[in-house]
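In the two complexes below, subunit A is the common chain; its partner is subunit B in one and subunit C in the other.
Moving on, here comes the complex of A and B:
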């Protein structure tokens, strides 16, 4: 049998994975699974081995789990060289090396980028550094916030009512803490699920004792003489006394280190093809650089080939598996990443799940259950087809709706269902905010540049 | 396609090994012989239908002409008590199941089942200690039956001394799910009805007493009721209690018996289980795939015309989902007819799926794991005296009526 380039790569090649979190770890495992015997390097800017993040906004804040003990389970031994606590700072595509913050350069034959996202910080840096002001993304964030909540603050302010902000508010209430949520949009979760569902989420928060203030923004944070936060100033002119502030303004993609590399990377992520191969700035696909997880932005056949960036746990796993498979396969054996977006959240005792891309939907129909009971299934429609679905405490039906999305079933659904109630007899506008108005942001970014961007900020023409 | 295959499946002579018939059936994934039910036998179709909100579990949605041979045996039930949540759709199903779950499982009672571990172990130990003549053990009568019945009584809070009464009613009611062609249907229906009435009266008395003097048991907690839902009406409570009682042991008996039969037919696995008790966990999952105690779910009914595999199934038709066939579908499982407790990919249909997936699953799993581990550990050189063993009539709740075994002794 001929000794192919792939055989050589598998036998003695060098694979580098930048990003040592969920996607990076899963990809590394699959790479070994596929028979890769060469050197495998995992680079991560955090000093920890890969850990799981969903518990950080849930069990950890409730004191039911320890942030230090959420290491991701290993599926197999990956025999990797770990470069932890050192960030990647640059990429030389021609020389095939990754530059590290400590000055070292790591050569690769195949590179996987899984650098994910980080929490968007409070825009005023000095205010953001006040004691008692947190974001929540890393394990340290989780430890710090859990400790601050343990100390029994008089009032917690959560800025932004996306999923993370709402989960934090839920944990605070469960611990009996006073909490105010300030949201610029007109309700919680509206970026991801629209105003109809946002209204249900708002009611849920208020019934659980959250001081929810919508249509409002925080203009400034004020510290006391010891440098701890003591109050927040709101856009309606009021001042709120609070001793813990959690900034939940969504996430930023970790792509700055690729500036000037020539890779098609920007604030919306790294563009790649359906097989997870990164594009360069000129729109030409690379063959040795792959992307997976929150930082990737890939076209999806089910959603009009829009480039989707997904901040979803399940997507990180599935995309990492596909990328790793393709890295270790001949071109004819590669497969596309066509995962149907799906996520879950747990807040105020309610299990919220979603599939598809609700934020593409223009209409919603409650096909099962009732919003008043907060147990229901909502189906999103886009141009006469089913494009997404959400369930509140009704997740066991979701598989059916996922199939409806996959087969581009008509909307509104022309059939009846068990548990169809009067308010599910007709579709209503889903009430998504104008995408050019900033909110905490959905967990799905639909296309390369938001209508608010108006220009391609990172585009640099090739040198000629 | 083989005509009359449904009668063959129901026929007692197929009971010991229905799997070749299921294989035949899978060649016609949506089988309909013109008058009877629409029979679904492949894994992916069953799995989707269990999550399909157009499918009802409520017999009241069944058209009068649906022609389901399994629907007949249960008339007596509806007259005595309202349908249990097993046979209801949301929202009624959800409400009742949710209230029943409060004292049973997470989030409100996360430790209930695990807390029963010690009690379960004691019962298993006691039953094995008393197996008697090791040359002739009937594992059903002496072990697989008394174990779960004792357990469900403890869980519900039924006094031990009432167990004999309980057993008689439970037997009769289980038999009602078991169409016996030789019995007089009117007589059988009368007996079923009487048993249900007597059981209902008995439970009503018990519930009344628990309302006044509640304990830690499930009946007390269901009778008192907590949480945002209103409490159950007395009739709902009776239906639920009867459901927990019957479903809470009828299936586990078969799971344990099928399990021991399978282990005795695979002595290498039995030997491994003896050395490696942790194997019990994946082994029970494989068992639920390989020999599921509930072979098929009858009485699913589409609320509208639905299409399955290119066939339109009319609204109101009766549908059967053959779980045991889906579990042996080669398009889903590699070497499906091989019993392999080390199988990695084991998303079986043995406990159903979707909103009606087995309520008692955590308890059933624990009971089977403990029972099989202890039997493997303590029986010295166990062997089958009869293979295949005599089966119960029932094609739905399939399992041996007796499992006669011998062994060289009982280890301490």
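Moving on, here comes the complex of A and C:
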């Protein structure tokens, strides 16, 4: 048999992975699994081997695990050259090289970009640098915040009630710490799950002793003479004394290093096709550059081919595996990334899980359990079909709804008799905030062909 | 030893919490908390838990790996932080 270009690549090619975290590591493992025997380089700006982030807002803050001990297990030896603690600063698509911060240029035949996202910093830089002010994304953040909570602060302020902010508030309460949560929207988790579920999440927080303030923004942070935060000023004119502040304002995609490279990368991520191949700025797909994980946005057949950006652990794993498979396959053997989005969170003793894209839903119906019991399944509908589902301590139902989403089952679901409950009878508006009003940290961002997107573009020009 | 639980997959069956209670614990009715880097002495128990998990949600270092060398020993300049 003739020696194909793919055979040569597998035997002696050069694969470079930028971003040495969950997606980068899982991709590297699959690349080796596919028989790649050439050189494999992993470039990561953090000085650590790949570690897991979800424990940082859960076990670690509860004092049940150490932030420095969440390294990801290895499924196999990847025999890689590691460049840790050095950022990629540029990409030359024509020369096929990645530039590093130390001046080196690393050549590639196939490149995978998995640079993820970073925590959005507090907008006022000087205030953000006050002692006691944290974001939570990295191991260092986890170490610092865990230490600050161990010191027994008098009051913690969490800015933003997305998943991360809510988990932090939950950990504080479990440890008996006073915590205030300030959220601009009308409830926790509303960006990801809508107002109906947000109302349940709000009750959950208040029942557990969180001082939850919705419809409120923090306008300024104030330091004491030693440079430590001592108070926050709120949009209702009040001042709150607090000695630890956690900024949970969502994430920003790590794409700046690609500016000027000609790749289709920007603040919304890196656009790629269903096979994880990156688009260039002209909208033409590349054949040697792939994307996976939080930094990617890719079209999904189940969701109207809209481009989805998912900040989900499971997506990083699944997309990395697909990208790696495709990098090592002939074009006819490639697979699309058709993973149904899925997410979990654990807060106030409740296990919250979701599948699909709840934020596309216009209606929600509680199909099992009841909101009052904090144990239920909510199903989201969009244009007469099931588009997403959420469970509170009812996770075993989720697989069923995943199938419903996959086969575009009708909404409202016809099986309302499964569980006869007062709030299980009819769909109600899911009550998502206007997409042009940013809420804190939605974990799925729709972009591309969304009518809402067009509205933002059309109705916000400066002259209006 | 390093481990991670795919909590999308986990159904809260708590098999792991019975078999390796020092590493896995239920938190609330359905949630699972685990120590991502269990002591070496827990290895046998953790492997039992991983094998017993009905949905195969527990991923442990080097389980798919035939080699016996401790993971991370051969990874160039990377070191265990």
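Brief remarks follow.
Following the convention adopted for this analysis, the second predicted complex is superposed on the first by the 444 of 464 C-alpha atoms of A that agree within 3 Å, B and C clash if a C-alpha of one lies under 4 Å from a C-alpha of the other, contacts with A are read in each partner's own complex, and residues count from 1 in each chain.
The rule is short, and it goes like this: contacts are C-beta pairs under 8 Å (C-beta built on N, C-alpha and C of every residue); 3 or more make two chains touch, one makes a residue touch a chain.
A quick note: this is a predicted structure, and the numbers were derived from the prediction, not measured.
Once the two complexes are overlaid on the shared chain, A:134 sits clear of subunit B and of subunit C alike. Contacts of A:108 after superposition on the shared chain: neither subunit B nor subunit C is touched. By the touch criterion defined above, A:368 lies against subunit B but remains apart from subunit C after alignment on the C-alpha atoms of chain A. Looking at the shared chain after the overlay, A:403 reaches subunit B, while subunit C stays out of its contact range.
Counted by residues of subunit A touched, the larger count belongs to C, out of subunit B and subunit C. Residue contacts after overlaying the shared chain place A:72 against subunit C, while subunit B stays out of touching range. Residues 349, 375, 396 of subunit A touch subunit B in one complex and subunit C in the other.
Considering their complex, residues 1-4, 6-8, 11-12, 25, 27-31, 33-37, 59-65, 67, 69, 71-72, 74-81 of subunit C touch subunit A. Per the touch definition, subunit B reaches subunit A in the complex via residues 48, 51-56, 89-91, 94, 107, 303-304, 306, 354-355, 357. Partner subunit B is touched in their complex by these residues of subunit A: 349, 367-369, 373, 375, 377, 396-400, 403, 415-419. Looking at the complex, you find that subunit A touches subunit C at residues 47-49, 52, 54-55, 58-59, 62, 64-66, 68-82, 84, 139, 313-314, 317, 342-344, 346, 349-351, 353, 375, 393-396.
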